[in-house]
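Alright, structures below, take your time with them.
Each of the two complexes below includes chain A, the first together with chain B, the second together with chain C.
After this line comes the complex of A and B, so read on.
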């Protein structure tokens, strides 16, 4: 080629120097940016579609949708009028969520402290692996394990609690129905939320400044006084954020709760009694034989559930981001 | 101190033999110092056994409770007598944290044990080659199989992966490469998206696909619901991986005259390849066991359905759910066998992700 056209042999023409992104880059940036927006779009579409489908129910029920307890589908042969309220279910969701947190939170934070400050080197890796495996176990497995394995034991524990603490109203027992109670559902949820709280707490504890830890030791602190005076003050916010993430997961959990909880459309203060509620379980329970209007009411319930979990997650992530990810 | 005497003088060794001096740990307790702790532990076990035998407390639960209380009490008294109140607080908290960590391991051990104990007996080669279309639900486990569920699971997970890879990857690229004005918001919403309850994802797809578009149950609808749950996992893991790629590589690419798009495609992504594969497989492991969204979208089926875009289909979690719901003895056995197969599938994905993730270092 160079012999044919000697002018070209001097080399390629110099590249145009510019700070403007090239055409190919503009396309690239456009595609990537629009792809990045898809998650925003999906979240928006979820709330839009669920809200739109549930709109009629929100209109007809008004505020009583979240405050009343009854869930009655319209039935022509029985002559009943439809009345949809998820008050009891919302209350039940919070109850089992907090029972889960009550048992899961100390275990998870204890495990995180153990992994960060107590565990011998050889034990760390296998135990982190176990916690990761725990996070990968599907919820239906937790459900069946809770039903067949945990429940027989948990009923015995519930009876003991009732025997010794029965004078406290929430542990009292009007009948003899200990199975499928909010207590048992809470225990299953406790196991399920341990991995997320443990991993967030570990992330938080890893951020504790090493010089402060060593300063505490140099001043003669025992391991526990070091944790109390350095690790806990630094990590408090992040650990609370992790607990809220766990609560968010517990609120949205469906299958595991449904297998071990007896749904009752009423607010009962006794946590050991076989009567609880859960919005997510309500949806699974009623979905199969739902009529068209009832389906819309389920969409409305899904919208409320979505908003609650979204709010919990927003707050939790805001706390965690503030304490962990920006130092 | 025994640790000091063990450390041989270094000069006397053969110079060819590389001698690494053993690190000294003068603060480490000597066996003699540990003696009271050992006696305390043994004493606690014996004391709690005796207490459980003579008192109304009974069973393993009684033993564990007594053991915890006694060990706290004995540890506190030993440290208090030998040192002071602070040492007592330290040993009590140490024991509490050890117990808490042990109790975290307990349910996992129980779950794995029960899955093997209840799931393994029902396994047979035949079940991987047969479906439930001509088998009664109360027939013994030697009849029928779960091939239809396995294939259904494979379909939903594969389709969900195909949908979420581009979206998750683009999101991660947007957060690390483009770093647009909205990246803070996008990161925040991706975090929030990983908290979307699985049932809500199912309801959403039902509202779009069945109500608004008038479609019917099929595998593709289920995979879209799973994709919603999978995208945040893929995006967040991929973002972490891309963040680890040194900026030098990007700058080198740009300095050689490559456009940003070429730098990303030919330098950054190849450098992060194994990490990105890990991200995808982690996402797959997360959704392979999802049940709730499938209950609302795939419809369930007892026969094989090779067409993912039309007709009802089953999936492993759905198979477990259905057989559990029968409430019969054989139903429960089938459910546990299904769980065994499901866990094996999930663990295979999990292990691959682990191995790839560790190789990158």
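After this line comes the complex of A and C, so read on.
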């Protein structure tokens, strides 16, 4: 113990600092870390499973899996050879996602500003609750609502848009098919992504430093000019991140879109036309009666969708964290 | 023995503060009453924090408000330009008259009140997303005032705030690149741009080093030639150096009260109230 260490030439080295955790602490630590690890593990296994199953399709189709529009299952009776491409579906996914964002984003940011700066105290809590409950409505309910309630109205709106803006190619209409269009699917998505964008925007706005708000008011700012000069510049990044999380949700949305959208394996520029695409809906659509090789192709499609949503969410979180850290 | 020494020291302190204050000639530049507080009370929820404050601020003078922490000085000046009401549970009673008109009268546009009564805060708070130039002119944008000669106004405000020579070559840099003292002078320049009659300063130097503090005190002296200034300070040297009048606030556990107000030299040389004397000689607070 007390033996003198002979010749220590290199000066002091830092000691290892340890502590012996109590038994109860060890158990708790085990529980929470396994919870964290399991979610990581599940995420990893899912992507591995999809990738492994889709591997053969990726090999045989190559890049054309994401660029070509055809989705033809192998059929011996018809003598067709299999050809799988999700290009049109991928394009359609992005189109309806952006339509959803176009309508949902301004509404959500407006709702967040209202809740943060205009709503009277007694209204705030119930409103926040209502917005949060919107996120808990099952997506099939949104789908049915979209199909039976929204669509009859939205078709009329689409006709108006076509009448006044039909000269712009995306609003033109080659026939008279206004139902089940990307426009209507986008509107349903808009409603579905409002809660997440609203709650993130509210969180970011709430962090606006009070001294800047007071400085603006002390200079004779009106509420709106204060918001424009202080709150929005501060919260911009976080709000954009929230919008991207909304986009992520829109891209992955399956059942609601499947209910209202008419899937067509072609890229059509007209958003009011009853022809659209969605990778997630494609999978639901084909899954029931898919043959073994087609099933593999669907899994490959699932992998691509998974990667796209993962990337969108990753970027969104990075943006939000960066804004929040700026202080 | 110990008491003797203490008394000696406090006597010397009073003398030195009084001699600083005596260099100021109170009331010489007075142009009448600019801002008047009449029987002002304040509450936060059920808590009565200010009781019956009546105080005149003469136009073209500097009034310092001194007193220990928690005596309601800051609450009082925030009542003067209606910043008090941003605290959800805050309430007030009494009147604040600007040019004889109550700033709390019904139907008044509060943004106009705050244009007339500007405020500089304890912590420098320039807008970080704006350049130096945009910061100075931000009040015009915020209050939606259009002017033609913005460059002239920009220079004028920065000169009066004592910052022009330091920033004239970098007006397009962000306000956050300046030092703390420069940022505070930038905030003063920003307040000046909307041409207020009254400028309220809530411990404007408490976050700054002594050199920056002196610069700002010079600025306050210069500004007082053209406007009414109310400054809250914990630093009695500062009150003695910059103010014409001094008000002493105190709370004995209950709501804060205005114990005494007088020309600054009187407060430091010949205070009427024992409590004022105790405070300025450093016996408490």
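Just so it is clear, the second predicted complex is superposed on the first by the 291 of 327 C-alpha atoms of A that agree within 3 Å, B and C clash if a C-alpha of one lies under 4 Å from a C-alpha of the other, contacts with A are read in each partner's own complex, and residues count from 1 in each chain.
Basically, contacts are C-beta pairs under 8 Å (C-beta built on N, C-alpha and C of every residue); 3 or more make two chains touch, one makes a residue touch a chain.
Note that this is a predicted model, so its numbers are computed, not measured.
Trainee: So, A:212: does it touch chain B (first), chain C (second), both, or neither?
Mentor: A:212: touches chain C, not chain B.
Trainee: I'd like to know which partner A:152 touches here: chain B for first, chain C for second, both or neither.
Mentor: Neither partner.
Trainee: Once the two complexes are aligned on chain A, which partner has more residues of chain A within touching range, chain B or chain C?
Mentor: Residues of chain A touched, chain B against chain C: more for B.
Trainee: Just chain B (first), just chain C (second), both, or neither: which does A:45 touch?
Mentor: In the superposed model, A:45 contacts chain B only, not chain C.
Trainee: After lining up the shared chain so the two structures overlap, which partner does A:310 touch, if you call chain B first and chain C second: first, second, both or neither?
Mentor: first
Trainee: Touch check for A:62: first (chain B), second (chain C), both, or neither?
Mentor: Neither chain B nor chain C is touched by A:62.
Trainee: Looking at A:269, would you say it contacts chain B, chain C, both, or neither? Reply first, second, both or neither.
Mentor: neither
Trainee: May I ask you to decide whether A:222 touches chain B, chain C, both, or neither, giving the answer as first, second, both or neither?
Mentor: The answer is both, since A:222 touches chain B and chain C.
Trainee: Please identify the positions on chain A that touch both chain B and chain C, taking each partner from its own complex.
Mentor: 222, 225
Trainee: Please name which positions on chain B make contact with chain A in the complex.
Mentor: Touching chain A from chain B are residues 61, 86-87, 89-90, 93-94, 96-101, 103-105, 107-108, 110-111, 114-115, 118, 166-167, 169-171, 173-175, 177-178, 180, 182-183, 185-186, 188-193, 195-201, 203-204, 207-208, 211-212, 228, 231-232, 235, 257, 259-262, 264, 285-286, 288-292, 295-296, 317, 320-321, 324, 332, 335-336, 339, 342-343, 346-347, 350, 354.
Trainee: Which stretch or stretches of chain A touch chain B in the complex?
Mentor: 15, 21-22, 24-25, 27-29, 31-40, 42-43, 45-46, 49-50, 52-53, 106-111, 113-115, 118-119, 127, 129-134, 136-145, 147-149, 156-157, 160, 191, 194, 198, 222-225, 227, 245, 248-249, 251-255, 259, 280, 283-284, 287, 295, 298-299, 302, 305-306, 309-310, 312-314, 316-318, 321
Trainee: Which of the residues in chain A come into contact with chain C in the complex?
Mentor: Counting only chain A, the residues touching chain C are 121, 209, 211-212, 214-222, 225-226, 229-230, 233-234.
Trainee: Can you name the residues of chain C that touch chain A in the complex?
Mentor: 81, 83, 86, 88, 111-112, 114-115, 118-119, 121, 123, 125-130, 138-139, 141-144, 187, 190-191, 194
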